[in-house]
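What follows is a pair of complexes built around subunit A, which joins subunit B in one and subunit C in the other.
Moving on, here comes the complex of A and B:
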C-alpha cells in the first residue's frame, strides 16, 4: 500500500470519525446516564439535516449558521420529549431491566413517529444542496472543503462538551451522576431535571450533526437508522458513560470503516458495523475502553 | 361457559369453511391475520414469561420465506414449510446460544441487528456471488392449500402456547423471567429452557414465513423487514402478552387495521403505529416487561 493511499484513508477516516464522535456522544449521554437506549437518536440527525436543508433552500440561510437554530430547537424538543415520555416511565418503581425494556420500546415508537412524519412532510425523494464543494489540497491528497469543515466543527463541539463536563457545575453534576447516582442524589443533584438536560443535550448533538451532514450528502427520511447503529457501536466500543472512550472509539471506527470501503467495497460498511456491534456485545459488553 | 363454547365452535367452523364461504378478498385478509396470529402467539410464549424482548421475528420470518424461494420449486408442498421451520430454528439456536446471555436492552438490540445484518449479508451475497437481486417463485400451491397450511400453523401455535402454560417447562420459563439466578439455583437448566423455547418460537416464525412466501411471486432480501418484528411486539402488547388470548386478539385487531390503512395511507398508518406503541408502554405499565404481576424485586444491577 502506498503512503499516499494510507494518508488518504487516515484523513478521510478521521473526518468520518469526527462526525461519528458527536452523534455517539449524544447517545452516550442518554444511555450512559439514564439507561435510555434511544434508538430514535438517528432520527434526530435526520430531522436536523432536513431543518438545515429547508432553512437553506427556502430562506437562503447559511448552512453553518443554521446550527444556531437547530441546536437550541432540538434541545427544547428533547426536554419536552423527556418530560412527556421518559420521565414518566423512569419514575415508576420497577426492576431496572423492565424500565430499560420499556424506554427502549418508547424509543422505537418515537422512531416510527418521527420517520413517518418526515416522510409526510418531505416525501421519500432525495433532497440536497451543494455548499463549499471546493477541493482542498493537503500534501498531495484532495479533500472536499465541506467535509473538513463539518469534521472540524463536530470535533470542536465534542471537545468543547468534554471541557464543559470537566469545568462547569452542571458538567460536574452530570459526571457525578454517571459515576455514583445514589451519592449524587444525596449531595443534592436534582435527578429528573438533570436527566432532562442530558436528554436535551443528546438530541441537540444529534440534530447539529444532522445539520452538518446535510452539507455533505443527499437526504432521505431513512438516513437516521445507520447513524443510530454507528453511534451504538461507538458507545459500546468506548464503554457506557465514557466520554473519552466515545471520542477515541468514533475516530477508530471511522478509520477502520474507511479502510474497509477503500480496500474491499462500499457494500461492506453496514455489514461490518453490525458485525462489530454483535462481536462486542458477545465478547465484552462493557466495551474495549470500558472500566 | 356454554355460550363461549358455542362461540368458539362457530369460529372454528367458520375458519374451516372459509375457502368456500368467503370471497377471494376476505380469504386473503383472513390468511394475513392468521399469519399474524402465528407470529404474535409464538413471540409471546417465549418473550412473555422470560421477559427477553426479542426483535428477531422479522429475521426468522424472512429466513423462512427466503428458504422457500430458494428451494421451493424442488420440493412437494408441505416440505418447504418444514424447511422454513428448520431454518428458523437453526438460526435461533445459533443466535440464542450467543445472545441469550445478554440481558435487558442488549438482547433487544442484538436481535434487532440480526434482521438488518441478515438482510445486508443476503443482498451482498446475491449481488456479488449469485448475481441476482431476488428470486422468482415458480408453481406456487393453490390459495386453498396455503390457507389450510397457515390455519394449521395457527392452531398448532395456540395449542403449543396452551400446553406450555400448564407444563413444568412453562413454569421454568416464568421462573427465568422472575429471577434467572434463582431459577438456576433451583436446578433449572436455564440455557436449555431459554434456547429451546426461543428455537421453538423461531420454528413457527420460519414456518409461517415459508407458508406466506408464495403469496408474493417475487422475493428479494427486503423480506427481512424490521416492521414485522415491531408489529408482532405491538400485537402482543396491545392484547396482553401474559395470556394466550391476548396476542390472538391483538393480531386480529392490528391485522384488520393494517389491512384498512397500510396500503392507502402508509405513512399515516406507520405514524399511528408508533403512537400506539408509545401509548401502550405509557398506559399499561404492566403490559410489557411486567407482563404478569409486578415483581417484588427492587432495583438491582
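Moving on, here comes the complex of A and C:
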C-alpha cells in the first residue's frame, strides 16, 4: 500500500469520524449520563439540517453561521422537552431499568412526531444545496472542501466540549454525576437541573451536526435513524459516559470504515463497523476506554 | 309579493340551472367508479412516488371528473373516486391493502404502487383477482420469467435502457471521443440487473471497462470510487444509481474534480429537481423516456396541466408513462366497459396513442418505446439517443461542473 493511499484513507477516515464524534457525544451525554436512550437523537440531526437548509435557501444565511442559531435553539428546545417529558419519567422511575425502558418508549413516540412534523413542513421531496463544493488539495490528495470544513468544526466543538467539562463548574458537576451519581448529589449537585442541561446539550450537538451535514447530503425527513445507530455504536465502542472514549471511538470507526471502503468495496462499510462493535462487545464489553 | 320580471327571471333561471346541475351530479355521483391503490407518502419511496406517480393520478382524476367523469361503455360518465392509503414504503402494508381492495372491497379498478419491488409484490395479487395493472415504475429483466398475464410493464426495461447507453457510447467511441468506462452501481435488485444488462451489451463496443464498483443503498461517501475512476483515466462515468446517491455522486464528482467526457447516471437524473440542484446540470446524461418537446399528441398539454396543478414539472423519464397508463385505462373503459377480462384483452390487442407516444404490449411488456439517453442542455432533458427520435445533438465532452 502506497503512502499516498494510506494518507488518503487516514484523512477521509478522520473526516467521517469527526462528524460521528459530535453526534455520538450528544447521545453519550443523554444515555451515558442519564440512561435516557434517546432514539429520536437522529431526528434532531434531521431537524438541524432542515433548519440550516431553510435559513440558507430562504434567507441567504451562510450555512456555517446558522450554527449560531440552530445550536442555541436546539438547546432551548432540549430543555423544554426534558422539562415536559423526560423529567416526569425520571422522577417516577423506581429503578434504572424502568427509566431506560420508559425513556426508550417516550423517545420512540418523539421520533414519529418529529418525523411527521418535518414531513408536513418540508414534504418528502429531496432537499439540498451546494456549499463549498470545491476540491481541496492537500499533499497531492484531493478532499471535498465542505467535508473537511464540517469535520474540523465538529471536532473543534467536541474538543471544546471536553475542555468545558474539565474546566467549568457545570462541567465538573456533569463529570461528578457520571463518575459517582450518589456522591455528586451528596455534595449538592442539582440532579434534575443538570439532567436538563445535559439533555439540551445533547440535542444541541445533534442539531449542530445536522447543520453541518446539510452541506453534504440531500435531506428527507427520514435521514435521522442511521445517525442514531452510528452514535450508539460509537458510544458502546468508547464506553458509556466516557467523553474521550466517544471522541476516539468515533475517529477509529471512521478510519476502519474508510479503510474497508478503499481496500475492499463500499458494500463493506456497515460490515466493518459492526465487526468492530462485535469484537469490542466480546473482548471488552465496557468499551475500549471504559472502566 | 311583487318581484320585477328581470329579477324573477334571474332567480328562476339560476334555480333551474342549479337544479339541472344538481340532478346531473346526483345521477353521476350515484355510482362513482372506485379505483384503489397505495402510494408511498412517507418512507424512502415517497421521494420517487411524489415525483413520478402521485401527481399524475391526481391530475388525471381532476381532468376526467371535470368532464363529468370517466366514460364507461354503455353507462355514460361516472366520476372517479380513489380508495387509497399511504403504504409507508412498507411492502407488506401495500400487499395487505391491495388484497383488501380486490378481495373484500371489490373496487372497480386498481392502479399500481411505486417502484419495482412494490410492483413485484402486488402483481401476483392483481393477477389472482384478475385486475389489469399497468406499472409505470417497474424495470426488471425478471419480468419475462414471471408469468402474470394481468400485469403490464410500460417503462423501458433494463436491456432496453442499457442497450441505448451502449449504443450511444459505441457511436461516441467511433468518433474517437471516449474510450475508458468506469461503472458504479447500487447493490440492490435494480442496480444488479442494470449492471448485468450493461456488461452484456458493452462487450462488442470496443470500449474498455476499466473499473466496476458497487455500493450499498444509502451510501454516505462515494469519493473513494470517484477518485479511483479519476486516477484510472476514466472518460465515461456510468452510475447505475437511485435518487439520493445519484445526487451524492454528482456533488462529489465536482468536489474531487472529476469531470469525465461523458457523465451518465440512472434514476433521478431525469428529475427537474436534479437540474435545479446542479445549476442546470449542463451536459449530464442519463436514462430518459420523454420530454415536453416530443411530438406526441397531448404531450405539451399534459406538461402544462401538470405544471399548472402541481406547480412542479413532471420528470423526464417515468412521469409521462404513469400518465399514459391512465390514458390506456381510460380508453379501454370507454370502449369495453368495466369488465376486467375484456379490458385485459383490449390491452393485449391494441396499440395505444398516449402522451408518451405509441404503446403496444407484447407478453406484458411495452415493446414500442425504445431505450433512450437524455442529456440536460439549457434546462431541458433533450433526447440525444436513438437518433431517430432525438430532440437535440449530444454535447461531448460535457462542460465543467457549474
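Observations, loosely collected:
To be clear about the criterion, the second predicted complex is superposed on the first by the 274 of 291 C-alpha atoms of A that agree within 3 Å, B and C clash if a C-alpha of one lies under 4 Å from a C-alpha of the other, contacts with A are read in each partner's own complex, and residues count from 1 in each chain.
Keep in mind that, in the parts below, contacts are C-beta pairs under 8 Å (C-beta built on N, C-alpha and C of every residue); 3 or more make two chains touch, one makes a residue touch a chain.
This one's a predicted model, so the numbers in the text were calculated from it and none came from an experiment.
Contacts of A:119 after superposition: both subunit B and subunit C are touched.
Contact with subunit C, but none with subunit B, is seen for A:130 once the two complexes are overlaid on the shared chain.
Legend: residue contacts after superposition of the two complexes on their common chain; A:102 is shown touching subunit B, with no touch to subunit C. Legend: residue contacts after superposition of the two complexes on their common chain; A:2 is shown touching neither subunit B nor subunit C. By the touch criterion defined above, A:270 lies against subunit B and subunit C together after alignment on the C-alpha atoms of chain A. Residues 115-116, 119, 265, 267, 270 of subunit A touch subunit B in one complex and subunit C in the other. On subunit A, the positions that touch subunit B within their shared complex are 35, 37, 39, 85, 88-89, 92-102, 104-106, 108-113, 115-117, 119-120, 229, 232, 265, 267-268, 270-271, 274-275, 277-278, 281-282, 285. Across the complex, subunit A is touched by residues 51, 53, 98-99, 101-106, 108-110, 112-113, 116-117, 120-121, 123-124, 127-128, 230, 233, 237, 267-268, 270-271, 273-278, 280-282, 285, 288-290, 294-295, 297-301 of subunit B. By the touch criterion stated above, subunit C contacts subunit A in their complex at residues 41-44, 46-47, 50-51, 187, 213-216, 218-225, 227, 243-244, 247-248, 251-252, 254-257, 273, 277-279.
Contact residues of subunit A toward subunit C in the complex are 8, 12, 16, 115-116, 119, 123-126, 128-130, 133-135, 142-147, 216-218, 220-222, 226, 258, 261-262, 265-267, 269-270.
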